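One chain, chain A, links the two complexes that follow: it is found with chain B in the first and with chain C in the second.
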Partner chain A sequence: MTLNEMKDLVLKYVIKEYIDDDDVTITYETPLISSGYVDSFSMVSLLVFLENKFKIKIPPSKATPEAFDSVNSIVALVNQYLK
Partner chain B sequence: MTDHPTYNELSRDFSWSIAEQELEYKPGGRINIGWYCSDRICLKGDPDKIALYYEGFGGVEKKYTFNDIRLAGNTIGSYLRGLGINDGDRVCLFMDRIPELYLSFLGILKIGAIVQPLFSAFGDESLFVRLENAGTRAVITQKKHLSKVRKIRAQLPNLEYVIIVDGVKASDLEKGEVLFNLEKSEPVENLDIHPTTAESPSVLHYTSGTTGQPKGVKHVHYSLISQYLTTKWVLDLRDGDIYWCTADPGWVTGTSYGIIGPWSLGITQCVLDSGFSAQAWYKFIEKHRVTVWYSAPTAIRSLMKAGDEIVKSFDLSSLRHLASVGEPLNSEAVIWSDRVFGKPFLDTFWQTETGSIMITNFPGMKVKPGSMGRTFPGITGTVLDPVTYDPITENGRAGLIAFKPGWPSMMRTYWNNPEKYKDKFVNGWYLSGDRASIDNEGYYWFIGRDDDVINTGGHLVSPFEVESALLEHPAVGESAVTSKPDEINMEVVKAFITLKPGFTQSPDLELDIMNFIRKKLSPLAMPQAVEFMDKLPKTRSGKIMRRVLHAREWGEEIGDISTLEND
Partner chain C sequence: MSYPDKIKNIYLTQLAEIKHAGIFKEERFIHSSQSADIEVEFPSGSDLKKVINMCANNYLGLSSHPEVIRAAHEGLDTRGYGMSSVRFICGTQDIHKELERRVTEFLGTEDTILFPSCMDANAGVFEAILTSEDIMISDRLVHASIIDGMRLCSAQHDTFKHSSMEHLEEKLLLHADKRLKLVITDGVFSMDGDTAKLDEMVKLCEKYDAMLLVDDSHASGFIGKTGRGTHEFCNVFGKIDVITTTFGKALGGASGGCVSGRKEIVEMCRQKARPYLFSNTIAPVIVSGVLKVFDILSASTERRDKLEKNAAYWRKGLTEAGFLLKEGNTPIVPVMLFNAKLSQDFSRDLFNEGIYAIGFFFPVVPNGQARIRTQISAGHEIHHLDKALGAFIKVGKKYGILGLTKDQIIEKYGL
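Up next, the complex of A and B:
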């Protein structure tokens, strides 16, 4: 899977699961946590999605609001744990 | 070194009339929280003082003077009256922490209607049960939350108006939906404040219990008396302070101490409506020169996790006083804050039902890290023997935290549920549902809940509600919900389920179940772990033994399992 394919996959999931308002535009750079689109409790389901989809294990210490704050930063984090 | 009166000085000859006199309230007279929080501050000579600094998503910044919030409250109140909203009607606030939330709170109270604040992250099922129970006549919301309201609207015959405060085109409105833009509305200079008195209902907050649906906790305008005085003494707010309460007004802290307390004292407060990040929070404190900060242990532990180095990047020298609420504040957090901020977070204990702080650490009091503190003056508290319900007189022995009824902000009933309300009292004591011990100096030490309610990040989640919602998932046969330990949130929801025939456990199914609950109830209620089981532990009569699962998660003794069903 290319980097852009990974980003698209995560972006589609975020839009489908966390964004209720059809008029909101989410890009790779849109702040997700700090803008309140994804709250800290919901971050756990996003983490489970990433671990399931990419067959990786992200240590709790690395699953920080900063690391999950955009599709770009999420994919960068995932990349560190892909074999 | 302290300029504060001692605990004994404040307790001596204490009477709630101290607050009545300071607020110039005469028993039997009119008392309206909306008026006290805005008009009165203007009449006292501070119309141009900043009441609210607001920062929202995408860097939006706004500020409002006390005259601005007076006018906004009038304008919203007048608009609601124009729709036919009357005193006693329930008006729900279902919004993020945008200015309209705070300003509508005042407007609703000014016309004598009852504010029903609900957490905007609630899913449609959570929203429905609360609106249905309250018989809510109007919901004030935002476009981003409209889809959840629309989904349940047809099942709510009492809900006449859905008022949207932003972003919807008139052509997109459905029947019963109206658009209200505060900034484009003509400010209403004079509004006839509804002549509410002490026992007039004011705020209806919902809270979760072990069994049954959430309960609507009814408060009255007289609650102002204890909210005012506890804000002044415990949060130590003074003229010139910049105050930040990080709680969402969907929960009681966000209204008692995020609106009523500070504004009735004429204090400037700040609101940051964005997700949590240590950097953003410290930047906010630095930028607004926050002096008093009221937050929650979950947030404090998250800041601890972010480390000490980041603190050094910001000038936080404006901070004068820190307090915490929502769940027990662990001693490590108290010691950490003292080290990095130069002052400890002082723990406070109270509940939706109590309406104001009951057990607390006062500025000037000796702080015992890990202790909840002592009862606020005027509050008679004890711990009761769990069997006899008699007060325990031995120091250090665990019992049920209980209070003598009669403080001003005590709930008046559970909405449409007087039986549950009666159940909260035994032998003339109000039972808090929490357990603690009291030491030889009168300090309370928290032990835990006395029921199965889960306190996650300072918010109560009913295992019953989650179990019921789980059963609506097509794959779930049976469900049991308990808590599991969590480093940041103290505890989080964990679900144990059996699957219906034809379904197979998988990581994707686990995620699907998590998201199902998150959308239906709320992110707080979402199980952070799902365990698939062949069968759940049950009594021989078929009742699920939640405590067996709880004990396993927490590494505790399982206790008596003589009634456990055998294979």
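Up next, the complex of A and C:
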């Protein structure tokens, strides 16, 4: 899977899972948590999605609001754990 | 003790940032008792202004009810002012147990434990009944006190889209392996005024062996045909595992809250909930007042019936005038303005017209969802509502928003 395919996959999940407002446009760079689109309590489902989809295990200490704050940062985190 | 300029400046900078962000909160001083007609000093130092209160949680108009005040006086005379102790040492009076019994009966549960506030009830309940093997699944719009309570709990947490039963079911399936699953919702959502789908939630919880916790602070006393709460409204009375609620809104409006529900869960709170263990409970004077509130509510549904009529009248008037409202059938009626500055300007102009109603904007409500939240009371008479409606229409015309759609308002004022 290419980097852009990974980003598209994560972006699609984030929009489906977290974004209710059709007026909102989310890009790879959009701040998700710090701008209030995703609350930190909702991160667990994103974590489960990433671990299942990419067959990886992300340590809880690395699943921080900062690491999950944009599609770009999420994919960067995933890449650290891909074999 | 050390408080050099270096430390002081850290706080001054943070306060300046709050002001710059437009979210600096200022109190308005009320010089009268809480009711539909109040006298307000605002800004600080200015002459008193008589205004109609459209933003209190005084849903049943009992905050200054003469019988409640008399009962509070009697409680003060017979049980004293304070307990100077937490409950389990020497801070429990007969009237505390009596109030717990009355709440249990009113809410149709098995047992009840009092807390100093519902904020404390929500702060204590989750950690008392869940462990790291468990999962909390909450609606995304639950009250801040629930969020804080969940943060204090070692159980995992996840959320579902506001009132989406499909999404809740997905989450119940996702977390099927957890030891205990607790679904968490407000009964009536304080910012939008809509009602949780408790009937559907009970069915899902039964299907997936999950418990259901409802914070009914904006419902207890008036939602449902006898005012028992959202569970009565949704025809699931007696089926909610945990209800948290407050005496600081409809039920007298002073302070205090509780956890009411399954006997074992309440007992776990009595053994483990930290705000119960390490803080005095509700003062005797307030307990006495709340007991009288339950006497009043048990004798008649007159006040909640009047509230329902007032809320319908208010909603109809605003709708016919061309305002955009959040859909709902509760006394919380949000008038949507979308733009944060417009909500503040609108609120200020209403105040000048003698109407006290507050504008809410991000982060209290989602970005681009700024509004004036109005709250109706049984203490309002039709003349209060007519005067308030006249002021809303006058200010609405000034800003040219009557009859506009959401997109048109956003086009005019931006998000």
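By our rule, the second predicted complex is superposed on the first by the 83 of 83 C-alpha atoms of A that agree within 3 Å, B and C clash if a C-alpha of one lies under 4 Å from a C-alpha of the other, contacts with A are read in each partner's own complex, and residues count from 1 in each chain.
The rule is short, and it goes like this: contacts are C-beta pairs under 8 Å (C-beta built on N, C-alpha and C of every residue); 3 or more make two chains touch, one makes a residue touch a chain.
Small disclaimer: the values here were computed from a predicted structure and weren't measured.
Once chain A of one complex is fitted onto chain A of the other, the partner contacts of A:V48 extend to both chain B and chain C. When the two structures are aligned on the shared chain, A:D20 is found in touch with chain B and with chain C. Once the two complexes are overlaid on the shared chain, A:E29 sits clear of chain B and of chain C alike.
In the superposed pair of complexes, A:E66 makes contact with chain B only, with no contact to chain C. Put chain B and chain C next to each other and count what each touches on chain A; the higher total goes to B.
In the superposition on chain A, contact of A:D39 is made with both chain B and chain C. Once the two complexes are overlaid on the shared chain, A:E5 sits clear of chain B and of chain C alike. Residues 20-21, 23, 35-36, 39, 41-42, 44-45, 48 of chain A are contacted both by chain B in one complex and by chain C in the other. Of all residues in chain C, those touching chain A in their complex are 138, 140, 147, 150, 156-159, 161-162, 171, 174, 362-363, 366-368. Taken in their complex, chain A has these residues touching chain B: 17, 20-21, 23-24, 32-42, 44-45, 48-49, 51-52, 60, 64-66, 69. Every residue of chain B that touches chain A in the complex is listed here, in rising order: 57-58, 96, 121, 143-145, 147-148, 167, 273-277, 279-280, 302, 305-306, 456-457, 487, 507-508, 510-511, 514-515, 518, 523-524, 526, 528. For chain A in complex with chain C, the touching residues are 20-21, 23, 35-36, 39, 41-42, 44-45, 48.
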